[in-house]
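Note that chain A is present in both complexes that follow, paired respectively with chain B and with chain C.
Entry: the complex of A and B
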C-alpha cells in the first residue's frame, strides 16, 4: 500500500521500493483514486529503488487522466534510478518534474485553488 | 556452435510476478561477475525483467504454473542472456516497440530491451517454445579475463 499525504492542496502519493509488474497495479490504483477524488497530484519517487515499464505506464496514465480532468500533476524527488528509466523513455522531457513538494509549492498554487 | 563462453546462470523460475525480484538478483549478480559497471548492470536488469514480464503477460497470459528458464553465458567481450519459454510460437509482427512520439502507457518494455541490448533475437523452437537471446557487449575497460571458458 502506497501512502498518500495531503500537502498544500495536493495529494502526494509516495511510491517506494521496487515498482515492477507485481506492484504497479497498486500504484496505478492509488494514483487514479486520487485523481478521481479531483485532487491535484504529486507523486514522490524519492524512495523508488527500481521501476520498470509497468510502473512508468502507471505514471503516464496518471498524467493523461490529470490532463483530461484539468488537474495539476507532477513528479517530485525523483530518485536517480527512476530518473534514469524516465530518461531512457525520454519521458523526463514530458512530465513536470520538481526537486521536492516544497519546490512545487513555491512555483505557484495548484490550479484548483 | 558459436562460442558461448562461461556459463554463469542456468535456472528455471516460476512465471509469476512474485519471482521477478529473484530474477533481477540473479541477473545483477551475473552482470557483476561479467564486469559490467553499476549503470550497465541496472540497464541489463531492466531489459531482462521486461522480457520476463512480457513472457508472463503475453506468452503465458499470467498462467502461474508455467516456467521460464534463464540461461546466462559470458565471454571476454559480451554477456549472452537467454529466456526460454514453452509457449506457442510468437507472432513476431506483434512484438512492437512504441514510437517515443506516442506518449501512451504501454509498449515501453520492448523499446527498453532494444535500447539497452546490443543484439536481440527470437528463436522459434519448432513449436516447442521460444528463446529470446539478448547480447550485451562489455566495454573494453570493463572486460575481465576470467569470463572465458
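Entry: the complex of A and C
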C-alpha cells in the first residue's frame, strides 16, 4: 500500500522499494484513484530502489490519464536508480520532473509539454 | 420492552398462590407432619380436596378400588405425592390462562409436566426420591411463566424460546427480560416459602449451587440440570445436541451409558401422558423417542452427505482447474507458435543479420525482425513491450506486424517510428508502451541508419572493444503524440559488429546511474567475439543468465556483422 499525502493542493503518491510486476498493479490503482478524485498529482520516487517497465507503465498511464482530465502531473524526488531508468529510455522528456514537491509549488503554472 | 432486572423485581408483583394448596405444600415439608394434619389442611379447601380425590383415583396411581375420603387418599399416596399434587394445583390456580392472554399456557404446562416426569424418572433411576424430583422438575421453569406474566409484550417470543436448548434459551431470556427463569424461580420459592431444597433446585439448575449447599439439595440441582437437557430432546430444534448433552451429563453425574440414558428418555412419553391425565393437564401426542433419535441421526447423515458433497465439489473443482490449465497451456502453446512465426528464422544468418529470442514465459513481449527491401537493403528492428504476459504478447504481435508492413514503404527509420508511435498510441491501454530501435542496413555499402525510441543503446564492437553506442534520443512508442525521432547513420566497418538487445540481457537491479551496466555486457560480448555469430548469441545469453542469476526475463539480441 503506497501512502498518499496532500500537499499544496496536490495528491502526492509515495512509491517505495521495487516497483516491479508484483507491485505495479497496486501503484497503478493508487495513482488512478487519485486522478479519479480530480486531484493534480505528484508521484514521489525518492524511495524507489528499482522500477521495471510495468512500473513505468503505471506512471505512463497516470500521465496519460491526467492529460485527458487536464490535471497537472509530475514526478518528484526521483531516486538515482529510478532516474537512470527514466533517462535511458528518455522518459525524462515525457514526465515533468521536479526535485521536490516544494520545487513544484514554486512554479505557478503546470509545465507545458 | 423494558427488561425487568432481577434486583428490581418486587416480590409483591409476583403472582400469589392459592393459600390452601400452598399450606398443604408447606405442611408436607414439616418434619413432624402426619396424615391427620395433612388431611385437615386439604379439607380446608373444598376444590383442593376434590382435585386430590380425583387425582388419587386416576390411572397414574393405579390404586385398586375407589378412594372416597381425604384421609384415605393422603395415607395411600403419601406425603411426597400429596405435595406434588398440591404444588401442581397451586401453580395451576396461580396463573390461569386469562392472566396471560395470547400465551399458550397449555404448551407451557406440557413442557413443565415433561420436566416433572423426567426428573421423577431420573431420581428413581439413581436411587433418589422420585416425588421430590417431580416437584423440582415441575417448578424449575416456573420462573419463565412469571417473566411472561410480568412482560406480556414478550409473549410472541415464546415459540422461539420453546425451540431452543437450555443454554441458548438462557441467553435469549437474558436478552429479552434482562433476567432468567432460575433467578425469578428462586425469588418465587422464597416468597412462597417453599422448602429449601426446592428453592435451591429452582435457583441453581443452570449455575452450580453455593458451596455450603446441603448434599441433598445439590443432588436435586444435578437432577434438574439433567432434566432440562433431557426434556429439550422433545422440544429443541437441534435434537442432536440435546441428546448428546443429556448423554454426557448422565454419564458424568451417574456413570450412565448412552443406551441407558436413551432407554430412560424412551420411557418418558408414556409417563407424561399418564401424569397429564391425572393432573388434568392437556398434552399433545408424545413423539416416541426412537423417532426423535432417527430424526437426529438423519440430520447427522444429512450433514455427512453435505460434507461428502463438499468433498466431491472440491475434487470436481480441482479437476476443472486442471482441465482449464491444460486448455490454457494448449492455447499458450498456440500463441507461442504464432509468435515464433513472427520472428525471422534464428538458425539462418541473413545478409549479415542474426537474432535470438528466449522468452521467460510461454509468450514474450520482446521481438526482433529483419527482412529484405526492394532496394536490396535490409530493414531491421528490435523492440520490447512494457510488462509481461499475454497483453504484452498481443501488443508485440501488433507492433511486429506494423513494422513488417509499414517498414516496406517507409524506409526512413525516424519517420517509421513516428508512424508506429501514432498507431500504437491510438489503441494503447494501461500505459503500455514499446521501446524500439528500427533501422535499415545496406550490405553493399555497410551503412547503418537507425532511430531509437526509448530503447537501450545499440553497441558497436570492434573485436573486444566497444567503439560506439547509440542511445535513445526520444521516448518510447505509445506514450505521447508528436514525438520527433531522429535517425543516426554510420558505417559498420568490416571488423565491427553492431549489437542490439533488450533489457533481459542487463541486470537492471544493479543499475544505479554510476556504473553503466552496459560495461558488464560489453565484457560478455568481448569474451565471445571470436565465436561464429549464431553460436555467439547463444553463448552470450547463457553467460548473462549465469552472471545475473536470472531467468525471469525475456532476452532478445540482434547482431549485425558481415
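The definition used in the following text is that the second predicted complex is superposed on the first by the 108 of 113 C-alpha atoms of A that agree within 3 Å, B and C clash if a C-alpha of one lies under 4 Å from a C-alpha of the other, contacts with A are read in each partner's own complex, and residues count from 1 in each chain.
Just so it is clear, a contact is a pair of C-beta atoms (placed from the backbone, for glycine too) under 8 Å apart; a residue touches a chain by one contact, two chains touch by 3 or more.
Note that the coordinates shown come from a computational prediction; the quantities given were computed from them, not determined experimentally.
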item: Greater residue coverage of chain A in the superposed arrangement, chain B or chain C; value: C
item: Touched partner set for A:60, first chain B, second chain C, both or neither; value: both
item: Which superposed partner A:83 touches (first chain B, second chain C, both, neither); value: second
item: Intersection of the chain A residues that touch chain B with those that touch chain C; value: 18, 21, 50, 52-54, 56-58, 60-61, 64, 81, 84-85, 88-91, 94
item: Residue ranges of chain A touching chain C (in the complex, touch as defined); value: 18, 21, 28, 50, 52-54, 56-64, 80-81, 83-85, 87-91, 93-94, 113
item: Chain B residues touching chain A - in the complex, by the definition given at the top; value: 17-18, 20-21, 24, 39, 42-43, 45-46, 49-50, 53, 56-57, 100, 103-106, 108-109, 111-112, 115-116
item: Interfacial residue positions of chain A with respect to chain B in the complex; value: 18, 20-22, 50, 52-54, 56-58, 60-61, 64, 81, 84-85, 88-91, 94
item: Of chain C, residues touching chain A in the complex; value: 384, 386-388, 430-433, 435, 454-457, 471-476, 479-480, 503, 508-509, 511-514
